[in-house]
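Once you scroll down, you'll see the structures, which are given as C-alpha cells.
Here subunit A shows up in two complexes: once beside subunit B, once beside subunit C.
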Partner chain A sequence: MDRVVAWFSRLIFVFLYLPIVALVVYSLNASEVSYRWEGVSLRWYVELFADRLLLETLRTSLIVGLVSALLATALGFLSSTALVRFRVKGRGVFLGAILIPLIVPEIVLGVSLLTVFSTAGIPTGFVTLILGHTVITLPLATLVQMGAMSSLDPSLPEAAADLGAGAWTTFRRVTFPLLRPAVLAAFLLSFATSFGNIVISTFTSGVGTTTLPLRIYSQLKSGLTPELNALGTLLVLLTLAIILVVGVGQLRRILAGGPASQ
Partner chain B sequence: MTETPAPVAVRLRGITKTFGSNTVVQPLDLDIRDGEFFSILGPSGCGKTTLMRMITGFETPTDGSIELDGRNVDKVATRDRDLNMLFQSYALFPHLSVYENVAFELRVRRTPKAELDGRVREALQLVRLADFAERKPSELSGGQRQRVALARAVVGRPAVVLLDEPLGALDQKLRKEMQFELKRMQREVGITFIYVTHDQEEALTMSDRIAVMSAGRVLQVASPIDIYDAPASRFVAGFIGSCNLIPARMEAGKAICSGFGAVPADTVDAQARGVRDGDEVVVAVRPERITLHADPALAPAGAARGVLAERVFLGDEWTVHVSTQGAVLTVQVPSGENGAALAALADGAEVAVSWTPAAGRILPAEEAAA
Partner chain C sequence: MKSKALAAVGVTVAAALALTGCSAAGGSSSGDSTKLHIYAWSGEIPDSVIKGFEKETGITVTVDNFDSNETMISKLAAGNSGYDIVEPSQYAVPLMVERDLLAKVDKSKLDGFDNLAEKFVDPSFDPDNGYSIPWAWGTTGILYNEACTGAPVTGWKDLWNEKYKGKIYMLDNMLSAYIGGMQVEGLSATSTKKADIEKGTQALLDQKPLLAGYNSDNYADLVATGDACIAEAYSGTSSAKAVAANPDVHYILPEEGGTLWTDSFSIVKGTANESAAYKWLNYTLQPEVAALLTDDASLASTNQAALELVKDQTQVTNPAIYAPADSLDNAEFIVDPGKALAYYQDGWTRVRAS
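For the complex of A and B:
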C-alpha cells in the first residue's frame, strides 16, 4: 500500500513538472517543428529578442501587472486594516462586496466592465486594463493580508503607543515590518494573476495595448512558434529567481498567512 | 494608620465606563500613592482590566477624571502619559531582539545614543537577562519573556507601571519566584506599580494596599492584613482566603443564630460600623481562628457543639468540616497534639468548636454594592 502511495505521488510530480521540462527542452530545439529534434541551439532566444511585436505585448503585460498589483496590494492593505482593526457596522457586507469578484464568472465581469467603460466614455487602453485587473486581484490581495493581520497580536500596536510611539512610528517600526511578508505575498499573487489573465484583458485592452497572453492566444490560429518556448523558459527562470530571493521558508510562511519571523 | 500619606501618583474621580447599556465600571474614586505596590483584585469580569485600560488611555472613561502626578490627563494620549503597561500576553515585538525591544521607547523618544546603551543594559541587568540581549523573543521561555516585558516597561523610568495579570501564563513554581522578583524590582526602581489580578494570594503577598473590586465597584481599599482580618463586606470576606459565614440576626446588641445562640463576635466594632438591632447579618470567622475541642465536656462555656462531618489531612494541618445546628463550619487544625487527638476520633463523633469574640466579624447579610 505504501509503495502504491509513493509511486502515485511520484507520478503527480511528473504530471506537474513534465510540461515545464518539455518547455525548457524544446526552447533549445533547433527545429522549427516541435516533433522533430535537430540539436541544441539558442536560435529561438535570438528570434524572441528580435520579435518587436511580442516584446511590445510583454512590456504591456509587465506594466499592467505591476501597476494593478501595486494598486490591489495598497487598497487591500487599507481595506483589511479597516476590516480587522475596527468592528464597524456593515463589516460583513463590505467584506462580501470585496470578495464577490472571486465568485462572479470572469466573463460576466469582463462584459460589465466594458459596459461601464464605454458608458463612462473611457477609451480602452492601459487605464481600463489596469482597472479591470485591479478588480480581480483586489480580493486576493485583501484575503492574504487580512489573514496576516488578524493573526497579529492586537496588543502590539497598543504596546507601541504605550511606549511613546505615534501612529506613523507604530506603523513603520512595528506593524509594517510584521506584515511585510504578507504584503509581498499579496503583491506577487496579484501580479501573477494579472500577468496570466486572458478574459478580462480581452474586454479591456485597446489598440496597441495587447497583453502577452492575448498575443499568444491569437497565435494559436497561425500556429505557435518555438520562440514562445524560449519566452516561457525565461519566465520560469524569473519565477525561480524570485523564489530564491524571497526564500523558500519565507514563501511557505507567507502563503500559510502567518505573521513574519516568529 | 495616621502616618502622613505619600503624594498621590494616580487620582481617579468619578471614573465610569459604560459599553452600550452595560455599565462595566461604576462611578469610583481611587487614590494610588507614589511608590506603592497597589493591587486591583477581583474576579474576572469585575471591571478591573477596563479600569486599568482607562488609566493607560486605551479606553476613554464615559465620565470622571484621571490625574497623574497632580496633572489632569483626560485629554492626554497614551503615548504622552508618564506610565507604561505590562501586557498579559507580554506584547513583545517578535521581529526585534531583546535589546531592541527594551530600547524601543528610548529610540522613539530620541534618547542620545550614549545614554541609550547604558540604560538598556541597566534595565536588562535589573531583570537578570544581560546575557540574552541579542536573542529574539521566540527564543526565550515564558518567564524570560515576562522579564523582558518588565525591563521594557521600566527602562523609560515612568512614574507608574501597570501590570495586567502578568503571571497568569506562568506555571505554579515560576509564579511564586516571580512574585518575589517583582516585589524586589519594584523596591529597587521605586516606581509605583498597579497590579491587576484575580489571584488573591498574589495580591496578599506583594501589595502595600489592595482594592477589591466586584461588579464594577471598589468594595474595599486597605492593606493586605486589614483586607484579610477586617473585611468590609461579605464579598470581600468570602473572596479572600476561605471564611465561614454564619447567618444571624442582631438582637439586643448580639448576633443571634437560630440553633446556635449568641454567636461570639466583635459587637462593639459592629456597632461602630452602624450595625443595628433587627439587621440581618453574617458573622465571618476564619477557619484558622476556630478551636476544635475533641472532648465537648472540656470545651469552654459558649462553645458550639457539632458533629465531625469530614476531614482532610494536608500535612501541616487538617481541614475539618464540623456540622453544627446553625451551619457547617470549616476549621483548620494544625498537625501536632490537637491533630493527633483529632485523628483518633471517629467520623460523626461529637465535638465542640469555639472562638474568641474578636475573631467573629459582623457584616451586613446583603451586599450593599454588589
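For the complex of A and C:
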C-alpha cells in the first residue's frame, strides 16, 4: 500500500512539473513551431529582450504586483491585528467586509470598479489597477496573517511587558519577528495573485498599463510566439531564486501556516 | 532573516527594472500632442512601425492591448479612457459609431488614402470610410494536411465528412464556428433569421460527434503534425507558418464562401491628441510602413501599394496570409448579429452542452 502511495505521489509530481520542464525545453528550441525540434538556440531570449512592448507589460505587472501586494499585506496586517487582538465591536461585519471579494464573482467586482472609477472621474491606469488588485488580494493577506496571529501565544507579549518592554519594543522585538514568515507568505501570495490576474485587470487597466496576462490573452488571436516560453522560463528562474533566498526552511514553516519556531 | 527577505524583494525589483529598462511611463497626462495612446490587438502593430513613427514625428506612443472588441468598447463607453487611436474589427465599427465613440475622419487631412486596396474603400461596415481606415485583414477558412486527408479539400462539407472522424477541429469561438455551420447549409454566415440560425445549430450538433474538439490556440500545430487532418482556421501567423513549413499543409477559403475580417484604425471621439492621431493615420497609410505589417507580423496589409514592397514575397503568395483575390469573391464580412446574437448564444450553448 505504501509503495502504491509513493508511486502515486511521484506521478503527481511529474504531472505538476512536466509543463514547467516542457516550457524550459521549448524556450531553447530554435524552431518557430513547437512540434519540431531544430536544435538548441537562445534566439527567443534575444527576441524577448528586443520586444519592447512585451517587456513594458511585464514591468507593469511587476509594479502593480509589488505595490498592491505591499498594500494588501500592510492593510491585512493592521486589520488582522485589530480583529485578533482586540474585541472590536462589529468584528464579524468587518471581517465579512474584508472577505467579500473572495465570494463575489470577479467579473462583477471588475465591472463595478470600472463604474466607480469612471463616475469618480479617475482615469484608469496604475492607480486603478493597484486599487483593484488590492481589493482581491486583501482577503488573502488578511486570512494568512490572521491565522498566524491567532496561533501566537498571548503570554509572549505579556512576558515582554513584564520584562519592561513598551508596546513598540514588544512589537518590534517579539511579535513582529514571530509573525515575519506569515507576513512574507501573505506578500508572496498577494503578489502571485495580482501577477496572474486577468479579469480585474481587464476593467481597471488604462493608457500604458496593459499587464502581461492581458497581453498574452490578446495574443491568442494572432497566435502565441515562442518568446513567451523564454519569458516563462525567466519567471520560473526568478521564482526559484526567491525561494532559495527566502530559504527552504522558512518556506516550510510558511506552508505549515504557523509562526516561526525559533 | 529580515535582510534576506528584503534581499528577495530587492532582487525582484532589480530584475524588473533591469528587464524593462526604467523609464517610468506615467498614466495619462496633459493633452499636448507629443503623445499618442493606442488601444489595439496585440501583434497587429509591429514594433518597427511604432519606432519609425516615434522617430519621424517625435511623438511618444503607448500601445495597450485588448482581448476582444467588447472589452475595448466597454472601456471606451465608460468614458475617460484616455485613448486616441483604437483598432476595432469591422463589425465593431458600426456598434461604436452608434454609441458615438468614434470621431469622423476628415479625409482632407489624410494623405495616402488612395493606397488602400479597392476592397477596403467604402466597405459595407463603414460607408465611405467615415470612421475607420482599414489596416490589417485576414480570412477564416480551412487548414488541412493533405498527407492525412489524401485528397484536396474544397469546402466546409469536408469538415462534416465521416472519413475524418476524430481528426477535425472547429474554432473555439461562437461566431467563428457558426461560419462553418451556416455556410455548409448554404446560408449566409451573417444571417439574423431565427430559422437559419436554428439550421446552423443543427449542423454543428450533427458535426459534434466527428470532432476532436474546439480549438482556437494550437490547431495549426495539430494539423501540421497530422494529429488533426482538417481544421477551421484563421489566416495569419500560425496558419502561415504551418503552410510554409510543411508542403502538405494547405490553407483555403471554402467554396461555400468563408469570411473576411479587417481591423481598422479609428480616432476616439474627444481625443486630446487629434493632430497626433492624424499623423498616425497618415504614417500607417504609407506603403513602406504598411509593408512592415507583413514583414514583421505576417499579417495581410490593406495597402495595395505596399504589396510589392514586402521583402519576402513568398508571404504575399502564401494563401494563409493573402488569400487569393478570386477566392474572396464569395467571402462575407462578418457583421454584428445585433438582436440575433441571442439565437446564436442559445444555439451555441446547446452545441457545447451536447
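Here is the rule we use: the second predicted complex is superposed on the first by the 253 of 262 C-alpha atoms of A that agree within 3 Å, B and C clash if a C-alpha of one lies under 4 Å from a C-alpha of the other, contacts with A are read in each partner's own complex, and residues count from 1 in each chain.
The definition used in the following text is that a contact is a pair of C-beta atoms (placed from the backbone, for glycine too) under 8 Å apart; a residue touches a chain by one contact, two chains touch by 3 or more.
Given the structure is predicted, the values throughout are model-derived calculations rather than measurements.
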Combined model on subunit A where subunit B meets subunit C, clash or fit: fit
Contacts of A:Gly125 with subunit B and subunit C, given as first, second, both or neither: second
Touched partner set for A:Gly208, first subunit B, second subunit C, both or neither: second
Contacts of A:Val33 with subunit B and subunit C, given as first, second, both or neither: second
Contact breadth on subunit A, by residue count: subunit C or subunit B: C
Degrees between the directions from subunit A toward subunit B and toward subunit C, using C-alpha centres, nearest 10: 160
First (subunit B), second (subunit C), both or neither touched by A:Ala165: first
Touched partner set for A:Ser9, first subunit B, second subunit C, both or neither: neither
Distance of closest approach, subunit C and subunit B, by C-alpha atoms in Å: 12
Shared contact residues on subunit A - subunit B and subunit C: none
Subunit C to subunit A touching residues, read off their complex: 1-2, 4-5, 7-9, 11-13, 15-17, 19-21, 25-28, 37, 41-44, 47, 50, 62-67, 71, 74-75, 78-83, 216-218, 220-221, 224-225, 234, 236-238, 241-242, 245, 297, 299
Complex contacts: residues of subunit B adjacent to subunit A: 56, 58, 77-80, 83-85, 87-89, 91, 93-95, 104-105, 108-109, 136, 138, 152, 156
Of all residues in subunit A, those that touch subunit C in their complex: 32-36, 49-53, 55-59, 62-63, 66, 114-115, 117-118, 121, 123-127, 180, 184, 202-203, 205-210, 214-215, 217-225, 234, 238, 241-242, 245-247, 250
Residues on subunit A engaged by subunit B in the complex (per definition of touch): 153, 155-156, 158-166, 169, 173-174, 177-178, 259-262
